[in-house]
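Everything below concerns the one structure shown next.
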Amino acid sequence: MCGIFGIHKHAEAAQVAHLGLYSLQHRGQESAGIVAIVEHGSARGVRAMGLVSEGFDPAELSSLPGDIAIGHTRYSTAGSSTIENAQPILSRFRGGHISLAHNGNLTNATEMRTKLEDEGSIFTSTMDSEVLVHRLAKSAADAPEAKLADALLGVEGAYSILVLIGDTLLAARDPRGWRPLVMGKINGSTVFASETCALDIVGATYEREIAPGEIVAVDRAGVRSASPLPPEQLHRCIFEYVYFARPDSRVFGGSVDRARRALGRRLAREHPAPSAELVFSVPDSSNSAALGYAEQSGLPLELALIRNHYVGRTFIQPTQAGRDAKVKVKYNAVREVLEGRSVVMVDDSVVRGPRLAGWSR
Amino acid sequence: MCGIFGIHKHAEAAQVAHLGLYSLQHRGQESAGIVAIVEHGSARGVRAMGLVSEGFDPAELSSLPGDIAIGHTRYSTAGSSTIENAQPILSRFRGGHISLAHNGNLTNATEMRTKLEDEGSIFTSTMDSEVLVHRLAKSAADAPEAKLADALLGVEGAYSILVLIGDTLLAARDPRGWRPLVMGKINGSTVFASETCALDIVGATYEREIAPGEIVAVDRAGVRSASPLPPEQLHRCIFEYVYFARPDSRVFGGSVDRARRALGRRLAREHPAPSAELVFSVPDSSNSAALGYAEQSGLPLELALIRNHYVGRTFIQPTQAGRDAKVKVKYNAVREVLEGRSVVMVDDSVVRGPRLAGWSR
Amino acid sequence: MCGIFGIHKHAEAAQVAHLGLYSLQHRGQESAGIVAIVEHGSARGVRAMGLVSEGFDPAELSSLPGDIAIGHTRYSTAGSSTIENAQPILSRFRGGHISLAHNGNLTNATEMRTKLEDEGSIFTSTMDSEVLVHRLAKSAADAPEAKLADALLGVEGAYSILVLIGDTLLAARDPRGWRPLVMGKINGSTVFASETCALDIVGATYEREIAPGEIVAVDRAGVRSASPLPPEQLHRCIFEYVYFARPDSRVFGGSVDRARRALGRRLAREHPAPSAELVFSVPDSSNSAALGYAEQSGLPLELALIRNHYVGRTFIQPTQAGRDAKVKVKYNAVREVLEGRSVVMVDDSVVRGPRLAGWSR
Amino acid sequence: MCGIFGIHKHAEAAQVAHLGLYSLQHRGQESAGIVAIVEHGSARGVRAMGLVSEGFDPAELSSLPGDIAIGHTRYSTAGSSTIENAQPILSRFRGGHISLAHNGNLTNATEMRTKLEDEGSIFTSTMDSEVLVHRLAKSAADAPEAKLADALLGVEGAYSILVLIGDTLLAARDPRGWRPLVMGKINGSTVFASETCALDIVGATYEREIAPGEIVAVDRAGVRSASPLPPEQLHRCIFEYVYFARPDSRVFGGSVDRARRALGRRLAREHPAPSAELVFSVPDSSNSAALGYAEQSGLPLELALIRNHYVGRTFIQPTQAGRDAKVKVKYNAVREVLEGRSVVMVDDSVVRGPRLAGWSR
């Protein structure tokens, strides 16, 4: 899980991307980065370990002029947690610069990498995403979108990607549509983001999602779309709805809030709790599902756990030790709500069934 | 508003205080500090600007051995935002060390300070709290609690304070009881804290609140209580219930959650919204009140605003500029919930009346 | 050993003090600080652990407007190595602000401190210098220089001090003249510094040294001098000449270079090395003495040890561990110069006699 | 100008490399890095902007176990001053890892790079050194030294390089011998360094210099040497003797101190100063030359400029602004030595002739 954001033709492209990454922070806290086209297709990037709010200072962002930018927040799935693995990847090739931001996992990355290495290629990270850059650089096609089509042909697995080549911004989703990617507009500028909440924060209007298998190219001439990849059976990741995405976002063309609410209602039907007196959530990721459970069951929704806002997101810490230390200070119960009552607690494991428990301290 | 925490006779006193401050972080984000008695009444402290999670590293805390400690999280009310104004105050006097952590504002601090200066005293901070240390040092009494009674006689305004003199830990509240202060126990150790959520996090059991005008002294011999100050009309600060304290805390002998819930119900009675279709809160400080409004009005509670957890608490930033920049990235609406509907939004201004509005984007 | 610097009536007083401290860095690397009078006698200060080049950023210095400033570089002799013990001390008293920067050790500080504590005073540092601030605040005299005379009467030991009270800058030396202090002028501004090298760096002209027992006061009306303290036998610290001061400085009215050169010549007379083939120094503190030895003995001066400039000053690190680790990477021998030859090495222990040795590796 | 260091088969390889880089700091202050072989040929690196003493903490170094390591200190000649351009370069290829540390400038880098890009290669830095890594990865040869011979054939310009492939450490110098590179031994371990002062600091014994055009390979089986490149006319860089290298080093098979001394003597013969009374140097880079001038001319050597040790090396700051600000606080004259006298000042421009001047202030 990662967050990606791109903007084409905006006077403060890097600053807008920075703001967009703020609202995609929940998709990855390990590292963040922004690459901007500074002039004549020349690219410059900043990358940092940790949170968007920690890694960049205003001086660094203002060192990124230009009107096209892409950004990335990383949660490590493939590749270790180091600055070398922060994205966007920024490389130089015969045609100038290639920058790439990737959300997803490629299932045949090892095979593609071995093939590239056999041809003498070198790699500077352990990320599967780096093979895409090599494949882009090797394409003999002229148009950036044709290069990307060449590069993606034969790639298996999940990818929602943003690519900068020269002054062309490319967006693409794999044919199965594993990961979300949406497009919006703000005063004539084109915006891409993993979730619509990033459109909201920058004041952009939602246009549509990028279709599975689609490549969208934006340059000075306008927006072009193509679907050069063979179609596949859809495989949208259910966890986007369950806990990856924010409830104020639309992903896969639907509302995350509505989807979670529906999961909660279905949970209430499949796992009713007739003796329970109330339902509560583990805030905040399970709030919507708990509300759905309450709606369906008629049980009152209670706010029984208080979250300490000065501790980062539990789920997303790469090591178990980091997770444990933070959980300890993260939640506290409101005893007056829980003491002596039969309750339903809804948490992220909602797809597996609710926890029914009598509460005592 | 500040948070204070103290513990007497615990093998890892400074670490426990550190944990306690984590759960009092919402009471002040400007600076934090811990003072521990390291041996034979000798005191050592660490203080840092910013959050508890940022300011201290394990090496600093482990440099604070000893089994008595007090801690403080500061929100600036009197005195500027500098490291000199971080608490606990740590001073040396004829009897050894005095350390003091103060929550509240003294209304006659200027008069007391002028009098002390006329006697030749010097001050190193701009905090009203510093006059209390001078008054403690000047007391001719022997027992620490008698010194504190001397020091507090004639002091006007709000104070919940923790004081370390030698190996005695003192806790006191002003006679009007403006600010909360509770006492708990953990395995024979005595704990004091602004709110019970800090007892919960360290695993302590709630005993009782410190009474208005009471001084409690804890030393190797045990716990003593006295009420040497003239009684006054109670004036507990209503804002503790409205938004200072955490809903999982007990303050002033009552549940914050219950109090906020009752405020919400009363709001629904005094300001009914017959045409509204739903009620929602500005998370998280207004959650309990919104739930009360929903209970009373019969309107469904909705979760219509999503909070970005990677931005600090809005209210608590000292400058307006800091507040504004953070609000912009802090909340986003769930459009599916709000669009085209008549709503009640409950926020921190609940005591002044609800906001009734039709929502459109 | 510490360095002190003061300037009166200069448009960029804090920046000039900062520059001056750069050239007094050799007198103390533990912490540094600057206090400036920002308006109407209001004072503001910055203090930091470590080097002048590390502790302050331009933003901090530009937060110190005003045309009067004093600064300090600290080497810990009395009091532990903490930010609380960084100078200048900045306190508030009935007359406004007192700031004080002190070089030297007071021998009756404990007695004075006990007396002050018995009167109810509190202390916030472990520095002997803090008693001077208390004594200043308690003086009933009106004129700042009269306050300082009151404060210094009865003080024993070494002090060269700079004091800011309102818009008056005071400079004083103890009657024995233990530590150096000089006065200079730059475009009508008055400058004080521990050594003349600090006058050079800011472009000031040397005027004279402050006399033992003298108090100089500078305010908008001009410069006044008084010698209110009983005279004492002079006791200027010989180590200023041997290794504290920089050879490009004048201290105690004489050139450090000339003094060290003379020590080297005397060493050659008292400890001749007839079989030696060359003389070399441990750079840089012993360079002048080695040159003197060479002049007197007729032996050629060689540069046989190379100093790594990326390691801090050896002598001045407070802990032995810090000293050892740094010595290891600090010097290397030029083998071609030393191999197989009889040599005289001159180091800081010059007053005890030279080291005569055959060199082999 | 850069510094390189390598060690093969030492229990604390990364720590030894760290120490070695300390003594090569004068060759580059812009960034530093170390790569170590951690197990089974797997490599891990740390890189940081700034000084060796600032960039790395003990935890980072201890994260680099293994018994083979190379290190680099960088002064930017080709490529901008960013972390992406810090060395050693660490890449993965079909044969595992390649790490490379390079001192020198390649004159046909652009042509080689264009050719590689035309074949589809991508670059992640702007350093000429990166082409060497690509060429290594593309070699079809089996033995690491054969790969390196393939890679270097046709490369023009200056290079002293260290390369890690698997558990083989390679060292090579270009056929003209532009930059120095020496080999030493410590308890059976093989050490390579730009200058012998880095051997001294780690306690290694000097063996010999790497010959121009030579490739040395060290692996578990031992040390092998080859000279596969066509011989060229020698072109050793004179500036190594004039001011790059440290005077306690041997480079190009000779003593830097002796070479500088000889330059100073020749200067005295070619530019005698019959009316001068003394000679002095701009410390420390001109000390040896000034001594040579003194020896030849019979003039006394004086120490007339004092260097502030708390400011970094002037020459080496990439921007003029940085150089200017630092020069201002860097040197001060000893007036007693200079005033009213006719002097010879020897500085880094010694090859162009001495500065003869009467001194007055």
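Every chain is named by a letter (A, B, C and D) in the order it is written, and numbering of its residues begins at 1.
Operating definition for what follows: contacts are C-beta pairs under 8 Å (C-beta built on N, C-alpha and C of every residue); 3 or more make two chains touch, one makes a residue touch a chain.
Just so it is clear, the structure is predicted and the values come from calculations on it, not from any experiment.
Identification of common neighbours of chain C and chain D yields an empty set. Comparing the contact residues of chain B and chain C by number shows a mostly shared set, over half of all numbers used being common to the two copies. A separation of 45 Å divides the Cα centre of chain B from that of chain C.
In whole angstrom, the spacing between the mean C-alpha positions of chain A and chain B is 37.
Here the spacing of chain A and chain C, counted between their Cα centres, is 58 Å. For chain C, residues touching at least two other chains: there are none. Chains touching one another, given as pairs, are A-B, A-D, B-C, C-D. Those residues of chain B that touch chain A in the shared complex are 19, 22-23, 25-26, 29, 51-53, 197, 200-201, 246-248, 255, 257-258, 283-284, 287-288, 291, 295, 300-303, 306-313, 328-329, 332-337.
Taken in their complex, chain B has these residues touching chain C: 83, 90-94, 98, 114, 117-118, 120-124, 126, 133-134, 137-138.
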